[in-house]
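One chain, subunit A, appears in both complexes that follow, with subunit B as partner in the first and subunit C in the second.
Up next, the complex of A and B:
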């Protein structure tokens, strides 16, 4: 094998310029793929994290049908004891019960129709980033306090500050009239205008009283260690809840189908683009290897006449391609790594990105995520397609007639 | 013999191109695929962004909006403006304005006997609302409002499901008047609509403008005036006139400032097209240079002989450049034809409802209509030809500067 490798190496440098141009095409495409894939992985991860962290969580326990039709009456009985038993079962604090209702929320000067979330103060902190983003006042500590925490834009629109009263008017669990007065305890600023404009939280005990929920709530949020374990957790919990078959355990991609689909749509269009680049490189390799085989027809004829088997010649051509592609892979991945590493430290931004980022819960600067997979995925595919492209020139050798070949010009 | 006629140079270039037909064919295939991908992908993305902008502008609504200066930060009933009169009313008659409407837009709560929801209540003047924003085909049950005094309510299909209500049933709408008194009123649901984007169905509820003005003690005031022109790309030509007529007491903004995300999408798309075309070209250029370098390499002796016979170096340069041009030209031709041929059957729309919710996040609907723009095609072709010829100069120049004696002696 070592003689084949040595011959392949020498053959490559018989046409230095041609080899470098082909390797150059690989390096260029590898560089682009490493950068783009790392950027994609980084932004998807951030999109998921930021969206799930703000509110949704990794998993939720809900009444069957609530996800499609979030109705007040699709509620979970005895939600706090249930949340407690889930906490015990998983031996984790990253679990919190919530209730959801709509109410007309009025300050002295203004009124807005709002979605109100009833939360367990002690545990909400573990499942959502909002309690940590309080800029004024504090998050509530008492589950029965008549208090509310709202976003900064909402506070400005309602013209209220810490200690002011808000009147809530809505309908309760049984459709009856619900009304209450709460005090603004905290104001948070998430930086996402939509969340800061629309989110309001109450302690769940008070929430249940106000809306006549008794011991009910609407969902239990569960956060695992990381997203890869979500499916396991889902099975575990579904199993634990098997005697309450009105309840379902839903994963984040069911709760936020838009997020997953936006990623899928983006992946599809990205892979179309990568595919084109990969095909162009494959054409380049095909051209180079076919030419290099054709111009060596005489030489191959002589070798065959001397007893070298076509398999050996085919292996030689494939080895040449492998060495060439290996060079492209190594250099391309190296420079791709350097570029991506640099950008993962200083960040990356382009005009219009700020607006785009706000739409998808992303920060203004993107930081590509560096991993073995994101670095090696693109270059490896190019390597494989280069080998595939040189199958045709290699296979041609099997049909070479030594006598005719030796007479070729 | 010092000056060859163009036809002779052309014949030489053409025949040289096909001396190694395999190499030429592979290179042509690469150029074709590259050019096809440039145009095809651009048409898809353009189609998506067009749809996003049209949907966005129609639901915003209007290409130009007039508000109270504080309304955008604080969309409250207190930040209302008078309905157009005098100079502004006259300015709205200019031919560039296709339609305009004025609407009351307030946050409200809607309640059925079953459930309640937060909504945006729109008090509209139906005839002009249909021209600017509301798509009358989207009514799936009942009817749209008949006039601005209509006492009925039109809600989205999704909202009707949430509230477990239906056509003919009564619902209660609650909002605040300018003195922050809660105003509420029962409405009969007279129509149910289905929007392209489900989130709109859950948000917007339509009622007659005068009915809402009376309910909220607004007199003749409205929250916004929305104006539509012929084409959103041309809004800059006419909106300053409206802005001037509207005066400084109100905020007059074109769509790309009302919604910065949509505004940035358009310029980002232009950037994307350019980057995409250039990246593909660069990937192609390695193969192109390679082909030319090899073609020259094989013919060193021949080039030396031609020079020895008196052909000028410039002629050799032209000949190689012409070869490159012919290669690019044929590749572009096939690539363009192929792109048009694949896009035309897709004009009726590509169903991407599998990722509809994701597309909704971006603001587009579940059908993708490729938009083949002449400008994009020209851009792709011009870039490939010009940059292609530029990258060919180096190998062509090398061929032209061989020393005939040395060239004749190479093997």
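Up next, the complex of A and C:
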């Protein structure tokens, strides 16, 4: 232990109460930061996962231009063989082909304009959470069955239940009239009113037949293991599809630009709050260190008269701050970790959260996500700002005149 | 369908007084008055054009009065029998493939009619322009020996209309040369132009009309009329749901 460090440690405990108060402020704000940042990361992860899992997926193969202007004729030829070859290429089952069309959907009593999705029943299960959310009836198993799966809100609006007929009327791929009668096979309840109101799925074989699509579809959804792989997968697939240059591979943030923007907006407003917290802590450190330097003016004067260099004294003050901040960091991060770990297991909710959560496609309990980054980010920033705050007291020492300082009161 | 009738049933025999002051509302009104209470039968071809494909459909249409129209597709075979019935701003559509009549809900009225650039609303509501708009004569000019009137029509505050204004160009023999649809930001969205004017069924009518979106010049829908007969004596039973389902003509 160097002499500076030993002196810093002893100096700190000359005023136990003052040191503990400052360290306490750090512990408290570190605790808050660890918890809030972990919760934020956790909720973003959930927001992305749940939104993408409901429908979009991590990546989609589409006809160039389809994402900007979804037109029936911007379609992919031979979509099912293509989806098969992507499955083989990636050696994964989390890939499914889809077709999308707009049609008027009518029960005996009511009609609504609806987005209809043609899906591969065997693979849709792997890329979307909807098949698992069937509350009544079942998901289809036959790719050519004249069956439909609709959301609970739509079922209520149309006043239909399992086994009832729906009439679909729309325009086919070749501009001809598309008309068909389908049986309601299942009703899903995703909890998101928008999806439950406006989404309906048909088996892709029947869909292609109904809308005169022949072998075409509109997108192939691909899910990787986790989001960090998405860019790699995108390159891989784009490379695989290079001889079909009418096709593009799009990542989730292009498919769902609103999602990323919502996260960025939330992050920006959160960092404003954190900034206030961090600056308050920095000022309390500044206050403590300035006080402790000023009250030791005589002591420093004596030390300088004995030949101690101002750099050494500055280093001492900085070391005191570093030790104090280090204590705050260690204890704060530790308690933050404990609290967050506990909540990441039992979950967390507060009154009124459900509605907000539903809006962002979140479940009604939140689970903070624990990682080195989410634990250390806030405390490290507080540590750095505390050191910055002690620069001013340390620099003051360079302007100290030993003779005058020794006579100071 | 009414806009077609408005265009098609325009008379030669009562041209506007060439020099008198023209009241724009009256100009539209009198043009409409000529077909109001009148019935017609027509055969036409609708061509939907897109940059990469094109499709034609033949159809027949019967009208009676201002608010009743029946349209039935005759060609191509695959689509024959599909039809729509419009009555008092309500619209029903019939698909023989599923043998069902479905009432088009109001939420679908702004959707495309039979896959064309015409919306269901264009088809069923075009006579609202007389009462629900304020009309102003913008310009009078001479062209090919005809007087041409350009009228700006702005919907009333409370009118259930999506347009900010419409600009109609009417010839002195009541042929509607052009109808422009402007949105509420005063940007031209689409326009309907008469491409060919000739004598059909004893009257001078616009026999080819094209609806074109402003920012997609390669996307248009064209109606060309082969046969039109005026003053037909259609029975009321023609304009019923059972007639929509079971053609008797």
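Brief remarks follow.
Methods note: the second predicted complex is superposed on the first by the 405 of 409 C-alpha atoms of A that agree within 3 Å, B and C clash if a C-alpha of one lies under 4 Å from a C-alpha of the other, contacts with A are read in each partner's own complex, and residues count from 1 in each chain.
Going forward, contacts are C-beta pairs under 8 Å (C-beta built on N, C-alpha and C of every residue); 3 or more make two chains touch, one makes a residue touch a chain.
Being a predicted model, the structure only gives us computed values, none of them experimental.
Aligning the two structures on subunit A places subunit B and subunit C in clashing positions.
Using the contact criterion defined above for the overlaid structures, shared-chain residue A:112 touches subunit B and also reaches subunit C.
Look at A:32: by the touch rule set out above, it reaches subunit B but stays clear of subunit C.
Of the two partner chains, subunit B is the only one that A:291 touches; subunit C does not reach it. Of the two partner chains placed around the shared chain by superposition, subunit B and subunit C are both touched by A:104. Of the two partner chains placed by the overlay, only subunit B lies in contact with A:157; subunit C stays clear of it.
Judged by the number of subunit A residues each one touches, B leads among subunit B and subunit C. In the superposition on chain A, A:350 makes contact with subunit B only, while subunit C stays out of contact range. Of the two partner chains placed around the shared chain by superposition, subunit C is the only one that A:179 touches, whereas subunit B remains out of contact. Contacts of A:222 after superposition: neither subunit B nor subunit C is touched. Overlap of the subunit B and subunit C contact sets on subunit A: residues 73, 102, 104, 106, 110-113, 169, 171, 175. On the subunit A side of its complex with subunit B, the touching residues are 15, 17-18, 21-22, 24-25, 28-29, 32, 69-73, 102-104, 106-115, 156-157, 169-171, 175, 257-265, 268-269, 272-273, 276-277, 279-281, 283-284, 286-288, 290-291, 294, 350-356, 358-360.
For subunit C in complex with subunit A, the touching residues are 48, 50, 52-53, 55, 73, 76, 78-79, 82, 93, 95, 97-98, 100, 102-105, 107-108, 111-112, 114-115.
Taken in their complex, subunit A has these residues touching subunit C: 73, 102, 104, 106, 110-113, 167, 169, 171, 174-177, 179-181.
Within the complex, the subunit B residues that touch subunit A are 20, 22-23, 26-27, 29-30, 33-34, 37, 41, 44-45, 73-76, 78, 107-111, 113-119, 161-162, 164, 174-176, 180, 182, 260-261, 263-265, 267-268, 271, 276, 279-280, 282-284, 286-287, 289-291, 293-294, 297, 352, 354-363.
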